[in-house]
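What follows is a pair of complexes built around chain A, which joins chain B in one and chain C in the other.
For the complex of A and B:
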């Protein structure tokens, strides 16, 4: 694989913490918790989650597309439109084959499924809406993005639990390094906060069943679990020789692996490989944004791995947990964290963590130096790991 | 009755994201308005639900043809 310089030139998100980059980042820095009671149904097990607010899809897409698609697709298309605007990227005849979409989604369209089931069981099969099959399907985000923008480059959708959009970033990068694309639109989205959606997510056993807005506490053993969330996130990545602008940040390192049995070893190996691929050493990492999602079973493995890798650092390692403010967005989570890394680099700031004294003493929520390199982790409970190094752009 | 059904069709097509002022009784479903096949199916389903009529909508019909089909079906 050739080692091309990869530049992030655009970012967009639709998030419970805000639907613009500034609103989002200000919300995170002010440590406001963006989740609350869902009020879906009295007997559904997930009572608390993080909903997107003040979002009108037709501000970003046509009404015709809105009608035919599910909420998760709206979130992605809106995020993408914001990211493309920041990147100044438009698709035309000359570049339509050089731009690809890499998209992550875990569970498709719950809202359209509930509508379809209602039509089927309360009316008849003949009354099921004509968009059921296409709107439900997880690839709808990629499909509609390519239709709307006329994108014809090599593209893929990833359905991979909590790492769905991390897989999108990794394989999108591979398409740039292999010269299959010159620019990529990468992102993910999820909209699971419906009756059926929350019931199904509850089955994985790691989602918070708290009855009030009990705080999600990543890396703390008595955390109530993952706060289920929704939203979308997208970035534009270009090789430096094809980029229209100097860019916002550089994706300097990346790695993935799968260790089913010794998961700690797997996380260590993945982070190590990402750092190595960036030509850096552990001492060069100025900030880590871990998967850290509030599910202790998952978090304790990641803590142990980070301790093993960073134990010899002379100083404490700055750490940030954006998810503790807006929950876990599954399909959108990793790209949201990459955007947080870009924002931390841009503003040289990180959110404070009110439980910092309860986690391993290796970490701090205070910056000790200028941030140059951020390590972002994404992982599943099954042992699939992704790590990325997001760095300040070198002159 | 014709006017009422015409307004009904117009409303259902507007719900799909079309502008009200684009829709006249002479508008071709496909040729002028540009409804795709899934949108035509959706309009058929609305008619079936609200008028209990199975209308075989064709993409080359005009809006007035749809209105007349419903009127015929109601008789």
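For the complex of A and C:
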């Protein structure tokens, strides 16, 4: 039952590189570094990160909802309304049961969580705010999105480290293929740039402890690590027979696996399966957007896997590293990369990478032909892999 | 052609037992494990009761199941690992015999390592400045929040190379993990998937937040009687903890290896009510639609359902909403259904509660016996169905349904059947 044509009809993001698709893409193409000193009052080892700028939640949601929810939910709800607008999607009685929400978030509401701890431990038990109960857990994004838009279809929230929103895309697609939904809103968000949030992420061992704006260098061995970021991203995916528009791009292939050991083999198998499921060959891939996050332990596995899979390619493989400009958004990361793939297809352009000469000679940041198929990877250090093929829509 | 999906392994870590037979025996006996909690009382919580697992011996269990090295991990992770390993052991899967690419795991928790977050916060906060002062904590802090960690550990241990993910869907998490596993096998994308749900939410911040919205139990009377679903004097849910895991398997795969089959999954559905994060407004319409969808997928008549393991959380609104939904969905047959609430004895362990309910259903189908709703002395006139008050009943249970509702406005339903060669 994997024969339905799936098209992306809407995109939205709230990102350190911009809160509109145009700003975001222009900043990426101009290689603007969108991170800097965080200036968190608490003592935290993470001094540098990528913050969303010029974001006013009430431009997208009511003041009432804003007060009741955490920043991570604001980012998701804002991204979602931008994506729904582009898709021209409104929910009404006839379609409310056929639309689902698939949402990724890794760590819930740090701002409201710390507020709650402060109320509990410095004030009193009774002072804990009543919104805490429904604002801090990851499902808040899905719950509020369903309430605001009246969405009643099959929906789920994924908490899965760096691949949280990749899992949302994968399982959302499955819900379309097995007819649980006809349209899905897929996205993710994260807002970890608080005192306790940054300390928590620091303990995963992959985050940059740089004290100045030392550059994140994906696929380069002396990269300082992952630049922790925040934001939201959302896309609308519809089956072509239910879509109101021709769409922006097609999700042609998808795969997941988990290789706790032999991780290189796992990444190869996942990419291969995604390419196979799209009815393509490795030679058909025109661009790769890898997980490529600046954590060398993770990056070297991905490089080795790509080398193994694409070694027989006669030409260099175009590659793009959006994360090197705005950091890693964890829950939002994979969908942000899918949006980058859509933008690359739309404009037939990719951001340059200033460290291209320092990475494996297999790759190039120059396009040699028209982009038709983009391979997007998302993976965790534990060995969970997702790969997607985002393609130009066939007539 | 969709594949048939059966359950071939069960594991549980619960206040009433850490093996399935004790779990079932205690449910059938109608014994409540809810008790007074001195700490909650001293804290000033309105609710004074919870349901804790006091005899969980990680030291012995971690040795027994090969989890040394995980001593620092959060309690919900430990529960999950043990429940998962018990389910795996119970399924008699042999790591040398299955194709690892066909096997996966889906884990669910609502609030994961909240107690760990609270302890770290208390450890790092400086009283005089009110600011956090960093000190190295260790990866267990990150693992406590990142819910995929238990799935990663078990996936690695059992060489599951197919799906490995985690969901957080509040109090419907367990049945949602099972439903997703069911879909994956049914569609032919895997042959074995463990669905595992765990929760260990007992922390001051949990009590305070749930108290602040009036969700926790403030009923009067003997402590063990305070979780009293469908009773007129019910007054909020009792917070609990625990984990449950089941092995879902494609029927032919199970038959080929001569696995014991506990039951078959016939259908699953989940919907949002899109009205309110916590309130259940209306006459149960969205739950009715969810039931209808699950029954339709199961391809059975509503009259075929013998038993309902209800969400039955003991809150005023849920039990009434659920009763209305059952009446609307089943019509006259609603009065012939046997209905009971596992939470009447174990409290509400959030994401894992519905997995406990699934395991209770498997016991009912095995023994043709339905466990009671404990503490149901004075039935709410508006809740007028057969909730099996206080004493278990013998009943042929061929087909059963589980209902779950949760924060975020999610309703999920699973349909189960005794395994029969021809459906």
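One rule holds for everything that comes next: the second predicted complex is superposed on the first by the 393 of 395 C-alpha atoms of A that agree within 3 Å, B and C clash if a C-alpha of one lies under 4 Å from a C-alpha of the other, contacts with A are read in each partner's own complex, and residues count from 1 in each chain.
What we mean here is this: a residue touches a chain if its C-beta (ideal position, glycine included) is under 8 Å from a C-beta of that chain, and two chains touch if they have at least 3 such contacts.
Just so it is clear, the structure is predicted and the values come from calculations on it, not from any experiment.
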Touched partner set for A:219, first chain B, second chain C, both or neither: neither
Touched chain A residues, chain B compared with chain C: C
Which of chain B and chain C A:254 touches, first, second, both or neither: neither
First, second, both or neither for A:129, with chain B first and chain C second: both
First, second, both or neither for A:113, with chain B first and chain C second: second
Contacts of A:161 with chain B and chain C, given as first, second, both or neither: second
Touching partner for A:64 - first (chain B), second (chain C), both, neither: first
Doubly contacted residues of chain A, that is, touched by chain B and again by chain C: 126, 129-130, 134
Chain A contact footprint on chain C (complex, rising order): 43-45, 101, 104, 109-112, 117-118, 120-122, 124-125, 130-134, 136-142, 145-149, 152, 155-156, 160-170, 176, 180, 183-184, 186-187, 189, 204-205, 207-213, 215, 269-278, 286, 289, 406-410
Residues of chain A that touch chain C when the two form their complex: 1, 41-45, 96-97, 101, 105-108, 113-114, 116-118, 120-122, 124-126, 128-130, 132-134, 136-140, 142-144, 146-147, 149-161, 163, 167, 171, 174, 177-178, 180, 195-196, 199-205, 256-261, 266, 380, 382-384
Residues of chain A that touch chain B when the two form their complex: 62-68, 123, 126-127, 129-131, 134
Parts of chain B lying in touch with chain A, wherever the complex brings them together: 15-18, 38-39, 41-42, 45, 48-49
